[in-house]
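Both complexes below contain subunit A, partnered by subunit B and then by subunit C.
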Partner chain A sequence: MTSSEIPSGTAYAAEAALRPRRRRPFTFARLLRGAAPYLLILPVVATIVAILGYPLYHLAQLSFQKYGLFELIAHHGTSVGWANYSSILHDHVFWDVLVRTVVFTVVNVGLTIGIGTLLALLLTKVSTIVRVLLTAGLVLAWSMPPVVAVQVWTWMTDPQNGIFNYVLTKLHVGDYSQHDWLATPFSQLSLTTSLVVWGAIPFVVVTVYAGLSQVSHELVEAAEIDGARPWRVFKDVTFPIVKPIFLILTSLSIIWDFGIFTQPFLLIDQTRINTSNELMGIYLYEEGYVKTDFGRGAAISILMLLIVAVLSIVYVRRMVRMGDEAA
Partner chain B sequence: MRVRLTAAAAVILTLAFVASTASARTYRSGSAAASKITVWLQVDAQSGWPNLVAAANQEFESKHPGVNVDVQYQTWGDHLSKFDATLAGGNTPDVIEMGNTEMTKYMAAGAFANLTSQKGSFPNSKNWLKGLAASGIYNGKTFGVPYYAGSRVVTYRSDLFRRAHAKTPTSLAQFTATAKRLGKQNSSKGFSPVYIAGTDWYFAMSFVYDFGGQIAKLKNGKWVGQLESKKAMAGLAAYKRFFQAASRASKTGVENKPQPYDVYSKGKAASIVGPAWFSCCVGKKYTKATKQFVMPSHVKGQGMPGFLGGSDLAVPAGSNDKSLAADWIRIFTSTASEKGLQAKGNIPNATNLLGNSVNERAAKRSWFVPTAKNWVNVENGNVLRTMLARILTGKQSIKDATAFADSNIELTLNQ
Partner chain C sequence: MKARRRRIRFAWDALGLLIFVVLAFPVFWMVSSAFKPDEELNGATPTWFSLHPTISHFRDAINRPFFWDGIKNSLIVVSVTVALAMVLAFLAAIALAKFRFGGRKAFIVLIIGIQMLPQAGLIIPLYVVLARYHQVNALSGVIVTYMTFVLPFSVWTLRGFLLGIPKDLEEAAMVDGSTRVGSFCRILLPLVAPGLVATSIFAFITTWNEYIFARVLLNDQSKQTATVWLSYFTGTSRNTDWGGLMAGSTLIAIPVIVFFLLVQRKISFGLTAGAVRG
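Then we have the complex of A and B:
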């Protein structure tokens, strides 16, 4: 090693040390730019933590405790480990309710999306005046609060004075006087389905219709000239374009219908709710609030949360992937 | 990726921070002298006897100058979940009206103040109605003061009964025969000689008790369902026969949907079964012809035991001033106040005040639900309603339906 090599080596090292500094001079602007993503998500994170995080933490804590009326009065529960979870997972009622809720969700989401899409396609074909009337009707149905809608359903299906029984009997469909539309779990959940689907369709129609208006006319026309039938046009031209909308609608509908409470609870009524017609939301309410077993109720909520979270992950992943593809 | 990780870490850190501060919650303790007591009464008082409440408040406020009474009216459907919320928050009312079937669960959990030592200071406490007073006692200690009771009677149209040449029935068989005659004479669709909703368990259980059965009994510290017993099944069979002969109502229907008096006032029933105050709402057209009698037993000459409904007044353990609260109850259940309740068609809380109204005669034979702390869960779980619907629709035999109900009852009561 010669003496002249040493300075040159040092020069190299100095240069190497200088290089990154020259590339990234430490300035306030740079710091701000680096922190920007964090600052941008900060309000969202803070809001989520304040609104969801705190109650969620308490819920999780509660789910590991025995917390009944006695503990409520004493203001503290006793820790029981996983006992609440194991009692739920060993309860056949929970599994029955889970299966029932899944079937209910599949049927409701299927009907909502199916009928909603058909109506949206109809909207693209009809004259302006019919479209306005139809849209107005849908928006009216949409604007009706669920509690009011339940009341209307209850009146229409009342065994003694309801219009359903009156009309069906008058039309000689059969003797429907005193027919109870809520007699069996199947009829109870069917009536609930009719109410839920009726209330959910307008949103689907309006959204899908908005999506359909984005489908270029030329594409459809071209397909038709090539001899494609309506179903083929929908399947291969229209649907792929509006697919993201369907994905969002289906995912949201699944999340809404899986945790539904208001409509079945009010329509079936507390006096008829039992283990053979409970959906997840009602099961949670009955076990937690009605039986005053808040620990068990909390554990059911956590399980429900996990199920919905899994469903949401599928949805979020698909959304992200679609965003990447678009980019 | 790194951005996401850091964001996740930030979320977790914030969560942990929130969590660590969360346990430092404190509760209000009630040591300061109250300038106000809060009373929760059911809306029945608001619509039925507001003057009695006002009179009691006036007397209380003149006796305790500077202390106001804040009466908050509640509904039966949600008053318990609201009460639970106040138990959690530490701001319970000072006096609460409880349905007699709701008491046990709360007494067992220690929600109410023990009033045993001052029991003697409540008006007419020596003569309190036994059935009603029992609902306010747990482990020999008194937690509830009887407020008033109500029994169930038959409200009927005397014009239709006269046309059917029917006298006030003195036995179940006679009433069944009358119902059949009434049905033939009034053949319009949906007309019920006796309107009974299929799952009206208060009425159905009266048959069970009339035939010597019961819902459940305590055996060696465990509750045992009794609906499978021969006597109870005989009662349920009699209920089914009577329903088939007398009611065109839905077999799976509930007794307040529609309200029986609404069916009656529309001319769709010759009689209805329920609380005596049903006579209030039978419609202008039928008010004059409407009369009441005690539901007859299958044994000629006596009444069928009816469900004794009623209310108690209790002082929540978290009340800020329990002695003031107890004093308000003392005033509100005074002889004068109870006489006022009686004038409104209720049964007063003590035997020395009883009169001879149909309501009070019906109360002579009565039954009450098992006094188990979880009984209210059996009620809310609709165990008996499900059983009745299965029996009436023929979906299950009485034997199978009662066996299923018994196992459900035992599971709930022994939890």
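Then we have the complex of A and C:
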């Protein structure tokens, strides 16, 4: 894999320029050299094992136990075998939530990558001033903390005084005065999608645009002179070059959107969160934490972690190969 | 031909401007609403800007209960997390960038893999384990939790910055007779300082924005962080103080936006930026 396949940036460009390693002339480090890297990574590894590794081990245990509030205080659960898993897998709510989360993920990732790519292509067409403006807009959207963005969305879609309803009514899209955007599960999840996609697009645009700038003009022009239409140019010339970037962006987006929590949790009014609109992260929170049935929650967590682990194989493998190249 | 090309360019520019408006509007609306008097916020016809801007909403927001607690707690959590994480991550990044060693690949898998874990899936194990060690409802519990999310991407990003330092410079220092530690302090550290600053800022943003664990692990209102404070702003009443809410939102978003603009140019490299997403 060459550096041109990686989302650009100084750090990665430098990797390509890396020289073969020479033997270091000094002796003081000879003894330490073998141990040094391990000493250097030790603090990080120890922290991760203690704060993440142990809880994950505990999570696996919990998922086979009855563990509620009483057990939490007593620090001791009672083993129930596979009961938590079988109760979840036999619960149609779990399957509903799974299907809903998959559909939500596909729609959100599709919109994010699709719109993001179109905007990146647009950036190559506009004049410098518009490009600077557009980049500024992207950075603004990107930098909004999710919790803040949720509050702004709530205000903009307020049935009474929200700007959404006002503008839609003014544009004669229909009578949207007093329209409640959180009335139905579909509407709730669509609103969540608009918020998520808005926040996720900038990362995609900036990354794809950086990738596009590595596609040589001569190549595109040659294809155009040969009479290729814009779609063909994109499909046969541009896309193959930026394909690795899409692979990384898509798998990252899938993982993020599948595990999404904050945006739907806060945007959909607490009183309206129920089994008809829950996504996986929220379902798990409600079943395990709110109902203080930690054993069952642990089993859902394990299932969710397994699903995400499978989803992230492509990404992790690619990143590891990249990280292994240098040094 | 030329006229046609100009028309096409103009059409693209117009589309670009439209999209700029759509992207930036929520941020504009937040700030503009924060300065509007109540009668404009609740009026039948919205105004774009207020001709009579007021700062009363900002006064209301900061005088609401627990605002300063939230800011203080967030600052404590953020500064301790970032400071600790940078020291630990920098050491590990040196190992990754400058050494070959057995288990290196396993270590990379570990730090990449951790970033893929869905946070929602970790609520229960972390809550149960931290409760056992009396770290629920304590800032220290939140700090150690955040460490696990900040460390992996900090290691990865710092490794990138370290690789960016030309080997010649390091070697030149060694030829001059300085030890490896000496060359590290005099040559490597100043060169990597911008990278450390950028990574710290990313870590700052991630930690400042975090919501789920702060919400689950901190029960007392006096212990909560700024984002949790903001999420409780609307409360249960039907009459939301929109002006105050937007003022509070602006106050919490400002540090992030400012820092984000500072490191914006370094953002394009993949995973780091990804870590910033909530």
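The rule we apply is simple: the second predicted complex is superposed on the first by the 252 of 327 C-alpha atoms of A that agree within 3 Å, B and C clash if a C-alpha of one lies under 4 Å from a C-alpha of the other, contacts with A are read in each partner's own complex, and residues count from 1 in each chain.
FYI, a residue touches a chain if its C-beta (ideal position, glycine included) is under 8 Å from a C-beta of that chain, and two chains touch if they have at least 3 such contacts.
Quick caveat, the model's predicted, so the values are computed rather than measured.
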Just subunit B (first), just subunit C (second), both, or neither: which does A:Leu72 touch? both
On the A-aligned overlay, A:Leu62 touches which partner chain: subunit B = first, subunit C = second, or both, or neither? second
Between subunit B (first) and subunit C (second), which does A:Trp198 come into contact with in this model arrangement: first, second, both, or neither? second
Pick one for A:Thr292: touches subunit B only (first), subunit C only (second), both, or neither. first
So, does A:Pro159 touch the first partner subunit B, the second partner subunit C, both, or neither? first
State whether A:Trp231 touches subunit B only (first), subunit C only (second), both chains, or neither. neither
Of the partners subunit B and subunit C, which touch A:Ile273 in the superposed model: first, second, both, neither? first
Could you let me know whether more residues of subunit A are touched by subunit B or by subunit C? C
Now for A:Gln178: first (subunit B), second (subunit C), both, or neither, which partner does it touch? first
Subunit A residues where the subunit B and subunit C footprints coincide 37-38, 41, 45, 48, 54, 58, 72, 75, 158, 160-161, 289
Help me check something: in the complex, which residues belonging to subunit C touch subunit A? 9, 12-13, 15-17, 19-21, 23-24, 26-27, 29-30, 33, 41-43, 45-46, 87-89, 91-92, 94-101, 103-105, 107-114, 116-129, 131-132, 144-145, 147-148, 151-152, 155-157, 159-161, 163-165, 167, 171, 174-175, 179-180, 205, 208-209, 211-212, 216, 227, 230-231, 233-234, 240, 242, 245-246, 248-249, 252-253, 256-257, 260-261, 264, 266-271, 273-274, 276-278
Can you list the subunit B residues touching subunit A in their complex? 3, 6-7, 10-11, 14-15, 18-19, 22, 27, 77, 81, 84, 87-88, 90, 105-106, 108-111, 189-190, 199, 248-254, 256-258, 262-263, 266, 268, 317-318, 377, 380-383, 385-386, 389, 393
Once bound in the complex, which stretches of subunit A touch subunit C? 6-12, 14-15, 18-19, 21-22, 24-26, 28-29, 33-34, 36-38, 40-41, 43-45, 47-48, 51-52, 54-56, 58-59, 62, 67, 72, 75, 119, 122-123, 125-127, 130-131, 133-134, 136-156, 158, 160-161, 163, 166, 198-203, 206-207, 210, 248, 252, 255-256, 258-259, 261-263, 266, 280-282, 284-285, 288-289, 294, 297-298, 301, 304-305, 308-309, 312, 315-316, 319-320, 323-324, 326-327
Touching subunit B in the complex: which residues of subunit A? 37-38, 41, 45-46, 48-50, 53-54, 57-58, 68-70, 72-73, 75, 158-161, 169, 175, 177-180, 182-184, 269-276, 286, 289-292
